[in-house]
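Chain nomenclature is as follows: A, B and C, assigned in order of appearance, with residue numbering initiated at 1 for each chain independently.
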Amino acid sequence: MAHLFEGDRLGRRWEGFKKAWYKFSRNPVSVIGLVLVLAVSFLAIFAPYVSPHPTHARTYVNFVEASQPPSGSHLFGTDVFGRDVLSRIFFGFRYSLMMGSVVLALVVIPGVVLGLLAGYYRGTWIDTLIMRITDIFLAVPPLILALAVTSVLTPNIFNAMMAVSLMWWPWYTRLVYGLASSLRNEFFVQSAEVIGASRRHILFRELLPNCVSSIFTKMSLDMGWVILIGSALSFVGLGAQPPTPDLGTMVADGAKYLPDQWWISIFPAFAIMVTVLGFNLLGDGFRDLFALEEI
Amino acid sequence: MVDHVLRIRDLQVEFKVYEGRLKVLNGVNMDVGLGARVGLVGEAGCGKTTTMRCVLGILQSPPGKITGGTIRFRDRDVLKMSQANLQKIRGGGISMIFQDPVAALNPVFTVGDQLTSVIRYAATKRMDKKEIKRRAIKALADVQLPDPDRMFTSYPVQLSGGMRQRVCIAMALATEPELMIADEPTTALDVTIQAQVLRLLNELVEERATSVIFITHSLGVVKEMADWVYVMYAGSIVEGAKKEILFERPMHPYTLGLMGALPKLTGGGMAEGIPGRIPDYLNPPTGCRFNPRCTQAMEVCAGNRPEFREVDPDHRVACVLYGGEADEQ
Amino acid sequence: MSIVKFLARRLVLSVFVLFGLSILIFTISRVLPGDPVRMALGSRAPEWAVENMRREMHLDEPLYKQYVFWLSGAVRGDLGTSLVTRRAVSEDIREFVPATLELALFAAVIMAVFGIILGAVAGRFRDTWIDNVIRVFSYIGVVTPSFVFAILFVLLFGYLLRIFPTIGRLSPWISRPPTVTGLMTIDSIISGNFVALGDALLHMILPALSLALGPLAQQARIARSTVSDNLGKDYILSAKGFGVPGRVVMFKYLLKPSLIPTVSIMGLDFAGIVANAFLVELIFNWPGFSRYGINAMLNKDLNAVSAVVIVLGMLFVIVNIIVDLVVAWLDPRIRLGAERGK
């Protein structure tokens, strides 16, 4: 439908955005999500400039200042090495966001492409092959696969990302498969086929645009989940390694000193929660937004 | 004084939505006599289903709200009844056939389960399980469903649309109601099945002398099924008369428009639509809601709501063209 | 008849899946940088000892041969020896699996029961204060990692309020009931030892809650939207309109269709519980299978890792089959669709 009126595409797109923003902003919860995500992203990107003690993010030792409770100079206190917890949290956001972005970047494109192919060629051997492989990966308890893979590789954040990616891609394939296979029989696809449009055109210019809103919503929600899983892996020691200021690692390190030096663990834990909450609310907001549009 | 099963007087209903309040019903008046067959005609969205839901007391209460009027069933005001009393009327007193048979049957329970539930709770006396089942199977047979015993244990997903609608009719009649409301029972069905179902309904209703309110947007159907016809527009009844009288001498400009909109099989000439669109219920026109589209509108039409009054024997209209003082809005 | 066919098909598929899984994990665990034997024996072990062990574990043979050895042992119940505990992996499994299973089941029950109840209440009273409170709680539940819950609970109930115990399965002064199933609660009931039963339950509450709250919140959200959607459906209005009493409509005609989506994701949520169990087992010092698995992974205990993955895979498969059966029982459309061959 969109390519019938090639006319003022940019203008119409802008109108579309404005309308979408108006609807989105009506729901206060979604806006909160957006604000949280933006705040976390801002802190992550500008961590070296915004945090009070940027050098504390790496190896730094100052036993005089160690294990200080929250105070004026250290809003979230210091840990056993004297490092400022607040600054480390800002840097920790970097790793969380990085994990989420990298995993999604690795996973979305192959997953979506496979789903499009399987859905379009539904009923043929391509469909069976792709979906059986997907099913095998899905049959495994997700975290198990990630754990197993990280375990046999050296534990570090990079391998953790690989492992999570490995178990994450099937979800996108499944999502897009469901959408594509039901859209496949709609008139607009069949008329494109009749005209003789190339496979690539049908897959990417007809089917894909109709899946984008679901994919996008899922991606927003997934950022939250990936960050959650990433922090779990780090907590256990299979992800980022000390002295990297990863939020999960920080919670684990601080857990030993509970309950007396509670701030070492609790603040990073809340940081994780806030980040995940932000993406969750944002994703829910997108879901509501697109659902309304469809009606 | 004719005995009436149902009297609706000046019913007003609002729906609260994000943008404001939809003034959906703006004065509905209707009388249904004993054993009468009443047709309610109107466009999609004019408030027919909403009215009927108020009669049964199943209007969804946020967002809907009854802001005025009375509905008397057996001479008691339904709108003032408690849920407990309402529940007693439903089934044995009033029952309803919904428009979409696919949606009206619970997909995870068998036909038999749902039917026996209805019979059991609508019954005025206690019946044992065997008796209830017997009645259920009889009801299925009455609506001419093949193999009622098997139908009893089937799930709705196994039945075709026409069969499902018959099941709904069976449910509505099995409780032996005084008044049955049929909300566009054939709209969701194939044309060929429509005729069958309508014929079936006619037979059943005649047998039992139940009063019926037949909702439809089709004048053709109304001609076949009803003795009395009420015409509804944008939330109020604009005309009501005995069927023959209405078709012979329609009075309200909207009714005239509807009749003119029917394509004629003989005599040639194009069907004419009614220019304009149905009003915005958030900000409806003042006075008579039809006045923006009415070819004979006068200044007074936008002032006060016209009264629904008897103009001829068995013929009532809400239009200032036929005299009478307009109501205070 | 179709149930049998359905089960048979699923079982065959599952066997294939487990096969695929075993190959996958086997390959990954063997093709690794780093020397597991060295790690097990220590860097100061003599070369000949390392060689011996390597030969024992067939690590010098080609990959497919190793797999065959492993597989032939596995189907006989011999899953090799653990490099860490130095005993048969199958023995380790027998000791640790029941602990995790008990915890997971307890958590799953909490999740299912309360998730559905809270979600249904929120859906029924949508947009009222009850709904808003429940929604807030479910957001919190969803975004909080289970280890954070665990830590908070340990802080709150273990130290500040000291109501619940935070370590292990049973207090040291209680005698352990004779092992029949390995499930502390069941064993206590069987032997009539109700003191132990109470103690075991107390020990389970905090770890189970930490595991259950996240999935519970998820269930509640789905139940909420399902109930809220179904309340407006014609078949509910119609039932009401026919005079079926409100209570019957709610608890019979609304409940059953609303259960379907929630039960459908229970399989996945249960897997999540089992997977997250390792975090909780670590914090609460619960002698469970997941903790064993993590140790195996951190120590590159090959046989143990493979066994853990397979066992968890099997558990997942079984749970999924059960969930699918329950959903098919609840929803006749699925049963009948299968019969017609779609």
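Rule of thumb we're sticking to: a contact is a pair of C-beta atoms (placed from the backbone, for glycine too) under 8 Å apart; a residue touches a chain by one contact, two chains touch by 3 or more.
Just so it is clear, the structure is predicted and the values come from calculations on it, not from any experiment.
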| item | value |
| --- | --- |
| A-C compared against B-C, more contacting pairs | A-C |
| Most distant chain from subunit C by Cα centroid | B |
| Distance between the centres, which are taken as Cα means, of subunit C and subunit B, whole angstrom | 53 |
| Inter-chain centre distance, subunit A versus subunit C - centres from mean C-alpha coordinates, in Å | 24 |
| Where subunit C touches two or more other chains, by residue | none |
| Parts of subunit A lying in touch with subunit C, wherever the complex brings them together | 135-136, 139-145, 147-155, 224, 228, 231-232, 235-238, 248, 251, 255, 258-259, 262, 265-266, 269, 272-273, 276-277, 280-281 |
| Residue ranges of subunit B touching subunit C (in the complex, touch as defined) | 53, 56, 58, 60, 62, 83, 87-92, 95-96, 98, 100, 103-109, 114, 117-118, 121-122, 155, 157-158, 168, 171-172, 175 |
| Partner subunit B, residues of subunit C touching it in the complex | 127, 232-246, 248, 253, 256-257, 260, 330-333, 336 |
| Of all residues in subunit C, those that touch subunit A in their complex | 13-14, 17, 20-21, 25, 28-29, 32-34, 139-140, 142-148, 151-152, 154-155, 159-160, 271-272, 274-276, 278-279, 282-283, 293-294, 296-298, 300, 305, 308-309, 312-313, 315-317, 320 |
